[in-house]
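Two complexes, one shared chain (subunit A), two partners (subunit B, subunit C).
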Partner chain A sequence: MPGRLSRRSIARYIANGLIEGTHSKKILLKQLAGYLVETRRTKELELIVRDIEFALVEKGMVQASVISAFDLTAETKKALVAFVKTKMSAAQVNVSHIIHPNVIGGVKITVPGRELDQTIARRLTVLKTRFKKA
Partner chain B sequence: MQNVTQFAADNNIFSSLGIDWKALVLQIIAFLILVFILGKWVYPWLMKSVDERQAGIEAAAKATAEAEKAAEANKEAVAALLAEARKEANEIIGTAKLESANMISSSEQKAQKAAERIAKDAHEQLEKDVENARKMLYNDTLELVGLATEKIIEKKLDKKTDSELITAVVKTTGVVK
Partner chain C sequence: MSELSIAALSKELRDAIENLETDKQLDEVGVIIRVGDGVAWIHGLRSAGYSEVLNIETPKGIVEAFALNLLEDEIGAVLLGDDSEVKAGQTVRLKGTVLEVPVGTELLGRVVDPLGRALDGGPAITAKQTGLVEREAIGVMGRKSVFEPLMTGIMSIDAMFPIGRGQRELIIGDRQTGKTAIAIDTMINQAKQNTGVVNVYVAIGQKFSKVARLVERLKTEGVMDQTIIVATSPSDPASLLYLAPYAATAMGEFFRDNSQHALMIYDDLTKHAVAYRQMSLLLRRPPGREAYPGDVFYLHSRLLERSAKLSDDLGGGSLTALPIIETQAGDISAYIPTNVISITDGQIFLETDLFYQGIRPAISAGLSVSRVGGAAQTAAVKSVSSHLKLGLSQFRELASFAQFGSDLDEATKKQIDRGQRLTELLKQHQYQPAAIWEQVVSIAAVSGGYFDSVPSAQIKAAQSALLAKLGTDHKKEMAELDKGGKPDEVMNKLIETTATSVAKGFAG
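For the complex of A and B:
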C-alpha cells in the first residue's frame, strides 16, 4: 500500500504533470484515481480537484467556468479570456462554458477562489432580497 | 249572810228566768279554760303565722318596689345603650358609605386606566398590523416586479443582446470578487 501523501503534494504533482506534459492527462487522471482508490481517499476527490486548480493558478494556468443563458460568440469568449487573464495575471486560461437558461442573461465567471456573477437572475435576486423589508 | 240571802234571792231570780246557775258556773269555768288554752297555745302560733305572712307580704312588696326601681334604672340604661348603639351604627354606616365611595372611585379609576391601556394596545397592534400589511404589500410588489422583469427580459433578450451585455460587463467590471 502506498504511503499517504498530502492533498497539496498530490495537487502539485498533477499540476506539474499537466503543465510540463510529462504524462498525458488520461494517465495522470488514472494515476490519481488509482491512488485515491488504493488509499481509500475517494471522498477527498473534490478537495483535491480544487487544490489542483489552485496549484495550476500558481503556475499561471487558470481553469475558468463560465455560465450564460446563450451560446457565446467567439468575440465574447475572447473578451472573457482576456478579462480573466488580466484579473488573474494568468498566462493561460481554459474556459469551460455551460449554458444555463435560468440565468436569463449576462454571465457568471468562476475561477479558483473567486466568482463574478453578473447574470440577470442574480441582479433580480438582489433586487428582491436587498430591498425586501423584514 | 246577807249575800247568801241575796244570792238565794237571786237564785230564785235565775230560776225564775229559767237559768241554771250551776250550769252557768260550769260554762264560765269551761270558757275560761278555753280562753286559757287558746291564749297559751293557739293564739301565739296563729299570731306567729300571721306575722310571718305579713313579713312575707312586706318583703314581696319591697322586692317588687326594688324590681320596679331596677326596671326603671334598666330602662334608662337600655335607652342609653340604644342611643350609643344608634350613634355607633350611624358612624359605621357613614364610614361604610365613605369606604364604598372610595372603592367605587378607585374602581372607576382602575377601569378607566384598563380601558385606556386596552385602547392603547389595540391602537399599537393596529399600527403594527398596518405596518406589516404595508411591508407585505411592498415585498409582494417587489416580487411581482422581479417576476415581471424576468419574464420581459426572457422574451426580449436574444443571443446578440446577451453578447453585448456580457461584453459591457467585462469592460465595465473592474473588480473580480
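For the complex of A and C:
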C-alpha cells in the first residue's frame, strides 16, 4: 500500500506531466483516477484540481476568470489579459469571462490563489463590516 | 438625531469610502473547504503565518479568524465571530497582521471582551495604541529580581507567603474554597493602600452575572477606576476564551512598559486549558494526557513568562500574575495543576477542610510557598512573622496528634495554644484587607505572647480592640509603622504595652 501523498505532491506530478508532455493527458488522468480510487480519496478531487491549477501557475500557465455585471468590451478584455500576464509573470493566460449581475458593478479577476476584487458588491460588504465595528 | 451626529456620520462615511480605495494588486486568497464547531479549514493562502488574522467574506460582512494549523494542503483557522454565516466556498483573505487589542489608560474602569470591544454598555473603546496579543516575553537582561512588595492585605499571605511585584503566584484549590476572593481582596487592597498598581482581571468562561457582581463590588470599594476587566462567558466561542488571558496581558504590559505596576488575575487557567483542548481536538491535533494537546505546557508558560519585573533601563515597571487553578478533590498532582505549579514562583493552596472549619482564607500552611517573595517582604511584617509559617505548620501537625490523647507536656500544650490563637488571628473577612501596621501589630500581639492570656475565641475581639486603641491613641506612630520600615525598640515597646493592657480585658 503506497503512503499517503499530499495533494500538493500529486498536483505537481500531474502539472509537470501536462507541461513536459512525458505522458499523454489521458494516461495522466487515468493514473490519477486509479490512485484516488485505490487510496479512497475521490472526495478530494475538487481540491486536487485546484492544486493542479496552483502548480500550473508555478509553471507559468494561468487559468483566470473575470466576473463582471455586464459584458466587457474587447479592448477591456484585452487589457485584463495583459494585466494578469504582467502581475503573474505568466507565459500563457487563459481567461474565461463570466457575467454575474450580483456583483452590481466593477470587475473581479480570479487566478489560482489570488484575486482582484473591484466590484461594488465587495465594497458594500467591507463598508457593512466597518460600520458594524464602529 | 442631532445635526452634530449627522455631520459625524457623514465624515465617517467619507473616510470609510476613501479607505476603500486600494492599489490594483492581486490579493492572495483562499477558499473555505469545510467549517464547523468554530473551526474553518481553508485551501490556499500559502503565505499565511501562524496566528495571522484572516478575513472571511460572508454575505453579512467580514468574519475574522486566526490561523492555528498550517498544514501542507490546508489551513485550520479558529473563528473569532459568529460561525453561522461562514460557509464552504467563501473567500478568505489575509489581513496582514497578527491579533492586536487596544491598550492604554482608556481601558481603565472598563469591561471588555478579548478583542477590546466594550461589554459594559459604555462607548466603544478609542485607544490610541494597540498591543500584540501574542508577544515574546522580556529577555534575561531586561529583567530585575523581584524586590518590591505587592501587599495583598491578607495577613496570612503577606506574613507567610509574601508576593513581590513581578512575581507569578498561583492560587490553587477546589471549587468554592475562596480562590477568587483572595484575588479580589488583593485588587481592593491596591486601592485602599493607594499603591497605584493597576488591576487586570481576566474572567475566562465566567458567568456574566458573576462578572457583573464583581464589577458592582469593585465600584463600591472604589477600585474600578484602576481596574480593567476582560470577560468571556461560557457561551463564547472557545477561541475567545483562549485569547482572553493573552489579550489581557497585552493590556497589562502597556502599564509595565510605561514604568508602572500592574497585577494580572487569570480566573481561571483550568478553563483556559479546557478551551484550548477543545480547539486543539477540533483542529485534529493529537491528544495527549487527559486529552490535552502536547503544547499545553507552552500555552501557560509563554503566558506567565510575560509577567516580570523590568530592569531600570527598561523603566522598572512590573507585571505581577496571580493565576488561579481549580483542582478536583484537592488533587494537585493532576496535569494542569502540576504544569502551572512548575511555571509559577510559588502557590497558595486552599484546603476545603479548612474552609468548612471556618478557617478563612483556607490557606494551607504546609503546601503553600512563595519562592521569590521573601526578598520583597515588607521589613515591618518580616520582623514579626519569621517563625509564623513553621509554628503554624507544627501546630496543625501537633493538633492532629493531640486528638488521640490528653497527656501532653507543657511545651506542646503551649505550642498548641499559641497555634490556636494564631489560627484565629489569621481568619479574615472578605473585602477587609489589612494595612501594614494592622498586620504587624496583630501578629506581634500573638507571636510575641502578649495575647497568651486571651482565650482563642476572644482573639478577634481582642485584635479589634488593640487596633482601635492604637489607631486612635497613637495615630502618628501607626502611620510611621505603615510605611513598612522595621519597628524600632520604642515601637515594639508601645505594641507590647498596649497589647498587654488590652489582653487584660479579655483574660479568661
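Heads up, the rule we're going with is that the second predicted complex is superposed on the first by the 102 of 134 C-alpha atoms of A that agree within 3 Å, B and C clash if a C-alpha of one lies under 4 Å from a C-alpha of the other, contacts with A are read in each partner's own complex, and residues count from 1 in each chain.
Definition applied: contacts are C-beta pairs under 8 Å (C-beta built on N, C-alpha and C of every residue); 3 or more make two chains touch, one makes a residue touch a chain.
The structure displayed is predicted, hence computed values, not measured ones.
Looking at the shared chain after the overlay, A:Ile120 reaches subunit B, while subunit C stays out of its contact range. By the touch criterion stated above, A:Leu47 is placed in contact with subunit C alone, subunit B being left untouched.
When the shared chain is aligned, subunit C comes close enough to touch A:Ser6, but subunit B does not. With both structures placed on the common chain, the touch criterion links A:Lys87 to subunit B and to subunit C. Within the superposed three-chain model, A:Phe70 lies in touch with subunit B and out of touch with subunit C [touch as defined at top]. In the superposition on chain A, A:Lys128 contacts both subunit B and subunit C.
Legend: residue contacts after superposition of the two complexes on their common chain; A:Ala79 is shown touching subunit B, with no touch to subunit C. Common to the subunit B-facing and subunit C-facing surfaces of subunit A are residues 83, 87-88, 109, 111, 114-118, 125, 127-128, 131-132, 134. By the touch rule above, subunit B contacts subunit A in their complex via residues 135, 138-139, 142-143, 145-146, 149-150, 153-154, 157-159, 161-163, 165-167, 169-171, 173, 176-177. Only residues 6-8, 47, 50-51, 54, 83-84, 87-88, 109-111, 113-118, 122-123, 125-132, 134 of subunit A touch subunit C when the two sit together in their complex.
By the touch criterion stated above, subunit C contacts subunit A in their complex at residues 12, 16-17, 19-20, 24-31, 33, 43-46, 57, 59-62, 72-73, 91, 93, 124. For subunit A in complex with subunit B, the residues that touch the partner chain are 68-73, 75-76, 79-80, 82-83, 87-88, 104-107, 109, 111, 114-118, 120-121, 124-125, 127-128, 131-134.
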